[in-house]
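Next, two complexes with chain A in common: one pairs it with chain B, the other with chain C.
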Partner chain A sequence: MAITGLIKGLGITLKHFIETYTVDLKDGKKRYNTPEGIKERSSADTKGIFTVQYPFEKVPVPEAFRYIPFLVFDESESGEKDIRCTSCGICAKVCPPQCIWITRSVNPETGKPVPKPAKFFIDIDICMNCGLCAEFCPFEAIRMDHDYEISSFNRFDHHIYDLDKLLKPAKYYAKIHPKQYAEEEAARIEKEAKKAAAKATKPA
Partner chain B sequence: MSDEKLNNPGIEIPPELSNQIAVTTLDKIYNWSRAKSLWPMMFGLACCAIEMIITASSRFDFSRFGMEVMRPSPRQADVMLVSGTVTKKMIPQIVRLYNQMSEPRYVLAMGACASGGGPFKEGYNVVSGVDKFIPVDIYVPGCPPTPQALLHGLIMLTKKIETEKLSEAEWYKKDFNEEIPVPILGPDLIDPRKYDVIKNHTFNEDPFIDGGLVIDQKQGEQS
Partner chain C sequence: MSEEILVSTLPEFDVLYSDFVKKDERNGYEGFIVEPSSLKEFALSARDRWGYDYLSSVTAVDYFPDQFEVVYHIYRSLGGGALVIKVQIPREDPKVDSLYAIYPGSEFQEREVYDMFGIVFTDHPDLRRILMWEGFEGWPLRKDWKEPYYEEEFKPYASRWPNGVAERIEDKNPFGDNVQYPKGFNPETWIPSGEDALYMGLKRPDKLDGVDSEYVVVNLGPQHPSTHGVFRMAALIDGENVVDLKPVMGYLHRNHEKLGERNTFLQIMPFTDRLDYINSMSNNFGYALAVEKLMGIKPPERAEYIRVIMAELSRIQSHFVAAGFLLNDLGAFFTPSLYALKERELILEVFEAVSGSRMMCNYFRFGGVVRDLPEGLFETIRQLAFNRLPRKIDEIDEFLTGNEIVTTRCIGVGVLTADQAIALSTTGPILRASGVPYDIRRADPYSIYDRFDFDVVVRYHGDIFDRYLVRIEEMRQSVKIIQQALTQMPEGPIFEGKSQYQVKVPAGESYGRVEGPRGELGYYVVSNGQANPWRYHVRSPSFINLTSLREMCKNEKIADVIAILGATDIVLGEVDR
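For the complex of A and B:
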């Protein structure tokens, strides 16, 4: 009994081994370094080699994939960065591991606070990728990034992200979160239309 | 992975011999052979370890980079993947394992907990960052890092190894002793390197304490 089971198991291993050659001979070039090939090799009933050859080909991440947060800015027509963040501090308060620091900027002439962040830091070695900051942000200013290739040699030099590293254009956000971006844009346009309608009726 | 060729182009090789002869430096061949056969130590601490196992299995397969087998013995391992939350009870064992590894040895802090404490950074039972005790070569952020993020970290580590020089390598110097004192787990964690600070703290009747460090009394009065 034991021997037949052993032979059966080794037979399966041999079958898989031979399959790696037959499948590659049949459609070798189509399988590697193409999006269809990666998808085919990710499916449950794939045959042959299914290893992702990582630095050369990458598994596409889903839209809801969360890594490190980033700040969205809109680019105005003159090319200026219009940061969506108003430094309200909700993200810093809800952050479970408390990895966000914000300083509000101050108007140098009047000394009154301006709703823009002067400093914004995220310690990405503390961040637990939960996405609560993105969920709670009322201004759609902080969103989760898809870039996971951020390991480095020095934690304090490279892994405490400041505004320079965090700010990314709305175009990039639309690219990585197409569905969510479209929904938010539709909601924003509807809200503005309502506001305009209310304004039009009020003075009358 | 690296575009740099092993051949040193500084010396001209006659075209008829170009297929048979390769000229390189000792540094390059030494680093090349080390970076391409980096054996990790087999131990996992928390949820990051699951992600590390996936990286080792056939879907991502880090034996493509020469990390062929995970060695269960620290004597045969080159790189220590600190994969997960390091509790205060675990750090003495990790430091001991690190001391048992043979040089050159590397440490990769995987995930938020190992790099900086993560959500437990002010916890009563968790070390906030393994780099407080052992030197970390590379930090991989994420909670947990995806297999591809870990592979990126390992590739970065091989790049770091390729820049090292034999003449500057610490572990071949005569008076090299990088043994790290093993921390003691008492009522709390005690780092033997900080005995003096702890002693001051304990025996000073009216210690002016700021940020865990005992400051000179005079400085305290001035400010």
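For the complex of A and C:
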């Protein structure tokens, strides 16, 4: 009989509907608009309502999450921006849609290249967020961002990012990629210690 | 001849048919070169005498400026390795015999080769362009053809570094040069001629019932909610019954293969995500296998296990979507789909944590994967594999399988017999629902699939319902594989050495294939030892499965065509490439 399938189907929907309320009663207010609530709703044992009410609630992104790249700079004590990028061009070469444009700085007196970018552009309309630039950067200078709310009304005015828009402090990088940052810092300190040790033993 | 020998060995065709077959002795190449005049004769004996009954892939390579080479990969439906045959033809006036009469599954693939290379297949029943539009000028995959906004032969482009200044390509050239027209083409007066050819190509059998009525052509799509994208079916109907049907595709065509030839080997990886965008992990897998085969490397143990886990999770979420959206096509608008999407969401979160993106994973590298499982993710996957997924698969099964609407609309509809399924080169759940237990993970194991205990799911009625049941059961088998992989997974590195952005790929050819959720996903890669592949071809299961759509829809009601297409489970990103 066709009616049994109908009743069963409606029963499933009704069960979900009721479950939403029983779970709400059990968990109280902490189910919504709290990090635990969101975590609970995306766990293996979740019951009841499943959706996260974006933009009022946001699912936290994992550390590996990748969106449009940015350039990292370290802040020196005097407050100057020390750009990590040496304009080696690996990111521009590895970029699959070729959306990175770099102009290398040139010393005006000698005409020799200086390891700093004079200009750096990323066309975010073309960028496919693959993360290859960040993966192969040897100087930890280009990294993937977590900020995905970048929509705008006019693509012609805002969608080619230049140095101004791309540069973000190392503090920000440490905040969004804590584990990776810590690992890189540890490796850097170790390398520097080795270098210092080598230097110390050399004259002897 | 014992079964063992029949399955595992490749006969010495060059000795057996020395008149017109010789071994391909180029370095890094495999298979046999067949004289063009004897291709049909050879194919017939390969099929009938040697059991090579399953034509998997037909493609061509432009060895500019010397010759074209048409490449066939043929398998035995019992399992085993490939018989690769090649036909070399001159670049001027290229012609080769169509294998349609021997392997009907070559129909669309030969059309694609014609469309892309201009190679004419004599005796092909309907040789028209398939992906490009009818008025298009030129043969896009020939090496001397340049795409609109052509910049350089190979990436990376010199304009990007060290003196790069961003510019929009459309600013440079807003109206010109983005389409090539034939000489004397006037868009004002042009009437699409392909439409007539399409409608004339629909076979109109003589009316036997004596009723004075006419056949009517109905176009379903390109914009139609049931086509899961931009896809069109021209159906010839008699009353409500479908008499003949032809799919029309290419609306989403972006010449993925030409893009691949411009890219370096590594740069192709993120583009493969965009083929079958529902399950990018399997796409990565196939491509990585093909290039690794050429390079002669193997990933470390742990990476192999991670790959298998990701590929199987990908299969589960893809089948969830397929099952859910089949119900959409049957009229149960979105309630079952959303239940399926809910489970998919949990799997996508795993992908996001491990690869950084939910759908465009770009997770595999040649010789490993990008990163190890982050902290806590192992436990999440374990929870899914041992707790939630088995429960939810049973739940979906319980809700849907016995439902009256599902059974009345699916059982006995869109039947494909085993012989037809093999002849028409269908793969994946469609082939297995027709009673052919052919699963590449078993028939021609790759990666570490030979270590796991799982069943090849097979059903015997070949209708929509069986295809649906095969998918449900396959999800259970995938869960089983993941459970085993999680228990066996060793500690260790996920990549040997350091990942390189410029990989050295020796000259040669290779064909890597995996059992994707939609069937055999194969990548045919030809390298000439440089940084970019010489030829990059995708054997896409969605596209080739559509060859059988006409057979499935014949004599069915027009309303069932929607359900049949839904059970075929195509993804347009992969069909049109």
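Heads up, the rule we're going with is that the second predicted complex is superposed on the first by the 195 of 204 C-alpha atoms of A that agree within 3 Å, B and C clash if a C-alpha of one lies under 4 Å from a C-alpha of the other, contacts with A are read in each partner's own complex, and residues count from 1 in each chain.
Following the convention adopted for this analysis, a residue touches a chain if its C-beta (ideal position, glycine included) is under 8 Å from a C-beta of that chain, and two chains touch if they have at least 3 such contacts.
Quick caveat: nothing in here was measured; it's all calculated off a predicted structure.
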item: Partner chain in contact with A:54 - chain B first, chain C second, else both or neither; value: first
item: First, second, both or neither for A:166, with chain B first and chain C second; value: neither
item: Partner chain(s) touched by A:72 [first = chain B, second = chain C, both, neither]; value: neither
item: Which of chain B and chain C A:87 touches, first, second, both or neither; value: second
item: Touching partner for A:62 - first (chain B), second (chain C), both, neither; value: second
item: Touched partner set for A:141, first chain B, second chain C, both or neither; value: neither
item: Chain B versus chain C as contact partner of A:113, first or second or both or neither; value: second
item: Chain B versus chain C as contact partner of A:101, first or second or both or neither; value: second
item: First (chain B), second (chain C), both or neither touched by A:123; value: both
item: Which partner reaches more residues of chain A (counting touched residues only), chain B or chain C; value: C
item: Intersection of the chain A residues that touch chain B with those that touch chain C; value: 50, 96, 98, 123, 128-130
item: Residue numbers on chain A that touch chain C, as the complex places them; value: 1-2, 4-5, 8-9, 12-13, 42-45, 50, 61-66, 87, 89-90, 92-96, 98, 100-104, 113, 119, 121-123, 128-132, 135-136, 144, 160, 162, 179
item: Complex contacts: residues of chain B adjacent to chain A; value: 1, 58-61, 64, 112, 115-119, 121, 129, 131, 136-143, 145-146, 148-149, 151-153, 155-156, 160
item: Partner chain A, residues of chain C touching it in the complex; value: 155-157, 159-166, 168, 263-264, 266-271, 332, 335, 342, 345-346, 349, 352-357, 360, 362, 370-371, 374-375, 380, 383-384, 387-388, 399, 402-405, 499, 501
item: Residues of chain A defined as touching chain B within the complex; value: 50-55, 58-59, 67-68, 96-98, 123-130, 148-155, 159
